[in-house]
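Naming follows writing order (A, B, C and D), and every chain is counted from residue 1.
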Amino acid sequence: MATEIGFFGLEKPVSFEGEGSRDPLAFRFYDKDRQVAGKRMEDQLRFAVCYWHSFTWPGGDPFGGETFMRPWMQGGDPMAQARAKADVAFELFRLLDVPFFTFHDADVAPEGENLSGSIDNFNRIVDVFAQKMETERVRLLWGTANLFSHRRYMAGAATNPDPDVFAYAVGQVKAALDATHRLKGENYVCWGGREGYETLLNTDMKRELDQLGRFLSMLVDYKHKVGFQGPILIEPKPKEPTKHQYDFDTATVFGFLQKYDLVRDVKLNLEQNHAILAGHSFDHEVKLAYANDLFGSLDINRGDDLLGWDTDQFAMNASEMALVFHEMLKHGGFSTGGLNFDAKIRRQSIDPQDLVIAHAASMDACARALVAAEAMLADKALEGPLAERYAGWDSAENKAILAGERSLEQVAERGRTLNPQPRSGRQEYLEAIVNRYV
Amino acid sequence: MATEIGFFGLEKPVSFEGEGSRDPLAFRFYDKDRQVAGKRMEDQLRFAVCYWHSFTWPGGDPFGGETFMRPWMQGGDPMAQARAKADVAFELFRLLDVPFFTFHDADVAPEGENLSGSIDNFNRIVDVFAQKMETERVRLLWGTANLFSHRRYMAGAATNPDPDVFAYAVGQVKAALDATHRLKGENYVCWGGREGYETLLNTDMKRELDQLGRFLSMLVDYKHKVGFQGPILIEPKPKEPTKHQYDFDTATVFGFLQKYDLVRDVKLNLEQNHAILAGHSFDHEVKLAYANDLFGSLDINRGDDLLGWDTDQFAMNASEMALVFHEMLKHGGFSTGGLNFDAKIRRQSIDPQDLVIAHAASMDACARALVAAEAMLADKALEGPLAERYAGWDSAENKAILAGERSLEQVAERGRTLNPQPRSGRQEYLEAIVNRYV
Amino acid sequence: MATEIGFFGLEKPVSFEGEGSRDPLAFRFYDKDRQVAGKRMEDQLRFAVCYWHSFTWPGGDPFGGETFMRPWMQGGDPMAQARAKADVAFELFRLLDVPFFTFHDADVAPEGENLSGSIDNFNRIVDVFAQKMETERVRLLWGTANLFSHRRYMAGAATNPDPDVFAYAVGQVKAALDATHRLKGENYVCWGGREGYETLLNTDMKRELDQLGRFLSMLVDYKHKVGFQGPILIEPKPKEPTKHQYDFDTATVFGFLQKYDLVRDVKLNLEQNHAILAGHSFDHEVKLAYANDLFGSLDINRGDDLLGWDTDQFAMNASEMALVFHEMLKHGGFSTGGLNFDAKIRRQSIDPQDLVIAHAASMDACARALVAAEAMLADKALEGPLAERYAGWDSAENKAILAGERSLEQVAERGRTLNPQPRSGRQEYLEAIVNRYV
Amino acid sequence: MATEIGFFGLEKPVSFEGEGSRDPLAFRFYDKDRQVAGKRMEDQLRFAVCYWHSFTWPGGDPFGGETFMRPWMQGGDPMAQARAKADVAFELFRLLDVPFFTFHDADVAPEGENLSGSIDNFNRIVDVFAQKMETERVRLLWGTANLFSHRRYMAGAATNPDPDVFAYAVGQVKAALDATHRLKGENYVCWGGREGYETLLNTDMKRELDQLGRFLSMLVDYKHKVGFQGPILIEPKPKEPTKHQYDFDTATVFGFLQKYDLVRDVKLNLEQNHAILAGHSFDHEVKLAYANDLFGSLDINRGDDLLGWDTDQFAMNASEMALVFHEMLKHGGFSTGGLNFDAKIRRQSIDPQDLVIAHAASMDACARALVAAEAMLADKALEGPLAERYAGWDSAENKAILAGERSLEQVAERGRTLNPQPRSGRQEYLEAIVNRYV
């Protein structure tokens, strides 16, 4: 597919050239039509490019300002700039040939004078998207509302001490869900970046959790009412920007959803960098989500294990992702979810092509990981030893214990005659096995 | 109260001398009969001395062996040594004049040739305890079973891949609960030190969580059957000894207990050092436990914020504890719980009196924190500003939102006309207030 | 001293009222004329208010924008705004009655069209400062140049791969030192916020360290040439904004200064929050600086032990500071250094008076810590036990070992006949002692 | 080479079978005679098996006891057991066909009644080693003394407050160096596991650093006197077992060695797990060591990025090691150093063959990394872009700056006319390049 030379200065999309290629603007592993575990690779990985890091972030950090100097950020009519930004965004979607994109309301259109004005601006850009999507193949993986950047949300949105802020947030989220529905988005995401606290000295945690439960319940009711089919996804993160966020990790959200009776309608959007900030491996979060029937979608990036904040780097770590994809393939792969690039180029990567190269390289690393996962699964490389390890529980008596058919006294009595001998956990053997595949 | 000069070389118990005292073997703040928030100080703080750190740990660490050279650890008949250890333990209880103690089965008696033999040994020491408790004032705050030190538990107890280990653990826990019941223990504690994993490569997390749920359900059934009145307490800890433990933190256990329908019978035993290893303040864990009706008891110690493992140091940090006690007093103080010294003297503190000094100094720090908490609560120093901050939610319309009487569309419509202005969070002001009291 | 009601809406400066005061705009401990360890309290603590956090930071964070809405940040003529900002700054200096302030060049004046223009703007505001300082009592503790916020410095200043950036930085630092000299600043500070790397893949660390050594050598030569009497201070920080900064901590800077022969002229400006990000206590950094004759000045703030980034909170932790001040008093207190409030109010503390309250409360916490330190030192509460612990080294034979007068064989031979017995480290006893004083 | 079936139950050594092999007891990449960057692979990697983790550690951790149940640890005559252990050790060396091994004095022989007795025991096992080494190909990479496990060292060895402990340590280290020299060890290592502190309250850091400096100076003098050719290697570690260790990291040791004039004779033994505990990447530590001419040898293992203690896992992470080996090959590879497996099988890996599999798998991962590093270097994949990035410094004028031939004023004047434009750091491009090779 040819494309006009635009912002990125490229004549043609990134395409598959095979493992031997040395072109940073070609794929070495991502061969979208290749069959992997029963689907086309594209349909397994379901990549999405995100709007915020790629088109809205200017390259600033807490100690420095803009570095990217994107033309659409240099002043001028905000709506015209929003349209220019959309043109570049769709240019990148084409260059990468990704099937999906994602956005926050605030990424795509400027604030208006009040909420109504903001929603109007937003809907005008949604019109632009709708039009572009008629001729382009890219679809919407999910939409979301930014309830954390503006100062009105500095003390939270749903969990704000001020009910007017709660109402404002409800207004914003309704518009974002409506737009997501209109654009046939496959999911709707909630990231509670300010739903938490800076200090417990001024925080009534119980009350705020109740507020958050109510907010989500209203959203779930509305989703059903308007017939939005996709799940609501919560994106756990333990901290940053706040000292502590209520959606800390998978396990925390699981407790919350049960308490407010939301487990059927709300699933999770998990991220590697958020996982490690919470003290977990990405693999752990994904496995726990599946164990509790909460798996929804993935934000794909990586953090820096030596830093205590969200670096949102492009995922280049095929070994780590292979284990995540292995779990996913075990469960049949994504349903409505996908791999959303919640990843940002480094602040010093100021050439437009850095953005293309970063996405392409990470797509390749994911593809390589997927193929490795497929092979491990096909060979039962990990599943075989796992089944063997727990085989003792397959006996009728032991099944009866787990089925609740034995009392403590009964099992205790049996325990008195046993002298169980430990068996090797074989960790190094299993690590060596994984190294065979990636 | 006079006492015979024994292992600790002291003629008389530690007693209250007032703030001006310079004697490290006297209390400056802990005045047990002083009324605090409607109860005697002793009845508010409910101190317990633990058996494991104080009498069973020899002073080793991962890079070095025994330093304490306690006489009862230097070989000889194990049962005689267990009795000698009990004598010293009760000597310390008397010297500190604490109302409670705590133990694991394995702390107090040696293993036998098999589980039956171990239980026999254990019960013989329980007899010793029962006898001593007839003449001493010390009572049992809680008992527990050590399901983590022996190699049979290296891959978990309830979550072991081998059902025989599960059964063995059930046998052990039954005996420990029976003993706790017999000694009129006020709670029974479960710390799942090996209920977790070293690597996900060999772990079926979903299956193991089901096993753990079953184990606890059997224990709860048994507790009811035998008429044990106290709660079962789970002690959350995120990691160490394993890479990841299932009872990670309060929020995680809340999700687990709901899933396995255990919220009524199981509460939490929280610890500062475990809180910070999980990325939370102690205050956070306590508040979240109260918010979800899971508060049970406290292990009192402190960790080192710069180290990544459990240091279990004696709590000397009155400011931090004052906030925890403030929350506790708000809820009426302990019910069955207490402050258990899950704290160990440093490995270099090899003089017997170091153990007395450490407990006495930490009891004093707790007493000081309790008095500060009482004053803050009486003055509404924190509660006043808190109520004011959320006052907007007291209106009828806003109560209706939280009561589920408003739809998303209704609230969103109202949001369109609002322009909420943020108000100061006043964190530094509140921190200055706390500094007035501690 | 009365003052006109200005931006902060206060009629009179914060003044000492004694420990019983409940006014958040009064001092409870900071009694500037009180004698402490031989000097006025003001002369011991030497407080400075910093320009950047208090007057230049708008309240943003990586996930949200401005919250403070300061009038001097709302557009308009940049130089007029810079003057308005200076007026408010000096109003705060008066209200707090602090003896010092500090600034970066970029805090006080806007960038010009090129470096010459920027320096001109800067010097015009320096004129304003010079004029104000004639009638006010506030003095300059130190000045510095911001070599990290502008995109030209995104890959470092002195350590930039581009020598033109190096030269630009030299131009900026010369102007900042000149201004500091003119305003009789007592020190000049270098914080190398971008002197480090994001990835080693594009970094020649050895070369960059040589560049940094050269840069500092040139600065030291220049300082001597123009007769600037104060020391150059390096402010260590391990990371943030970069992944890794060359001035990681005290120990690292010590190695660097020795290599480039700078130990005589360059000292350290230490900060609690930077210490803990590097894995050290504040106390450790201060003691190590004194041990290597590198102590210069302190940035006073505190970090959040549970967060992995620089929170720069106002220091309210008297216990921790008491140990730092104890060490300082042991060495006679500050020479040219002082306590610079490199501390920012929380993003939600949007009331102007929050800024006053935060400084006042932290000044009070410092004053309390200072008094405790003085008492501990007077009582030899810590120094006494310390001297006793090392007393064995006072013998002639052992002094000879340390003096280099014994060979390995000689000492080894002596060792063969010894059976040294360990003595208690008494940590809990010493912690209890500290609790008596704070 | 055939071998008798012994403790590990294997008929033949692990041998190279090529990448397609599925045998966990075969090498897929480690082909010892293959030429890599001008040397045989074996001579580049110089693998050593360590005694402590593999033969002396019983599988305990802070919460549990022995799991391995090695026959030579089950009581009996200590010297006979030490000989049995040596037999198994040499069996493993043969099975892995490694060129080197390493040990502490305390690993190989039991303590005697006093230091003389301990040295006698030690020397008798050294005789055993000498004899075995006559017929086996394995050599000694380095020896060391254990100055941290016994309670006499609980407060340090060289830095102990008690000079008798210092003298005892000197006696022990002399014997260990003598033995290393006799066995033709290529280096001598010092790991200061207790040279640090638990609390600064009882520590005179300046004095202790002086003691440590003296200790090392004496050792260096002795080494020269007896003609030991290899370097003394310090192994940095920031903490654990102590709260803080003086040999924190490469940068800290560099400052220390300069202060005590030891840079010529003392180099570094670096370890990945110690690097990350100090907040650095392994790559960083290695590059900094080379930059300061301190590189000596490597302990090869990996830590767990989510845990705060030393896990010493077998290194399976080829990508990370490839960058380290790339730096090493740039400098011509090891001189006296090697890759010492300071790695332990997990506590649950209780089968003897787990020890073989773990070493073999990690050797393979290292071999793979080495080959990748060779290719990256040959292609100038990283070196090319690096040289280009700093090319601006090659001009005469810029070289003059770095050579110290320009003053601050001269460079500042030049800076006034510049408007340097940043260039992309290309991090993602470089990460993609690395992914091509590993």
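FYI, a contact is a pair of C-beta atoms (placed from the backbone, for glycine too) under 8 Å apart; a residue touches a chain by one contact, two chains touch by 3 or more.
What you see is a predicted model, and the numbers here were worked out from it, not measured in a lab.
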Over-half contact-pair match to B-C, picked out of the listed pairs A-B, A-D or C-D: A-D
A-D or A-C, whichever has more C-beta pairs in contact: A-D
Approximate Å spacing (C-alpha centroids) for the pair subunit A, subunit B: 37
Inter-chain centre distance, subunit A versus subunit C - centres from mean C-alpha coordinates, in Å: 40
Subunit C: positions in contact with at least two other chains: 67, 151, 154-155, 198-199, 239, 279-281, 306, 346, 348, 350, 422-423, 425-427, 431, 434
Interfacial residue positions of subunit A with respect to subunit C in the complex: 59, 61-67, 69, 148-151, 153-155, 193-194, 198-199, 239-241, 243, 304, 306-310, 346-348, 350
Residues of subunit C defined as touching subunit B within the complex: 22, 24, 28, 67, 276, 279-281, 305-306, 314, 316-319, 345-346, 348-351, 354, 357-358, 360-362, 364-365, 422-429, 431-436
In the complex, subunit A residues that touch subunit B: 114-116, 119, 151-152, 154-155, 161-175, 198-207, 209-211, 214, 217-219, 221-222, 238-239, 244, 248-249, 251-252, 254-256, 258-259, 278-281, 283-284, 287-288, 290-292, 323, 382, 385-386, 389-390, 392-393, 395, 398, 401-402, 404, 406-409, 411-423, 425-427, 430-431, 434
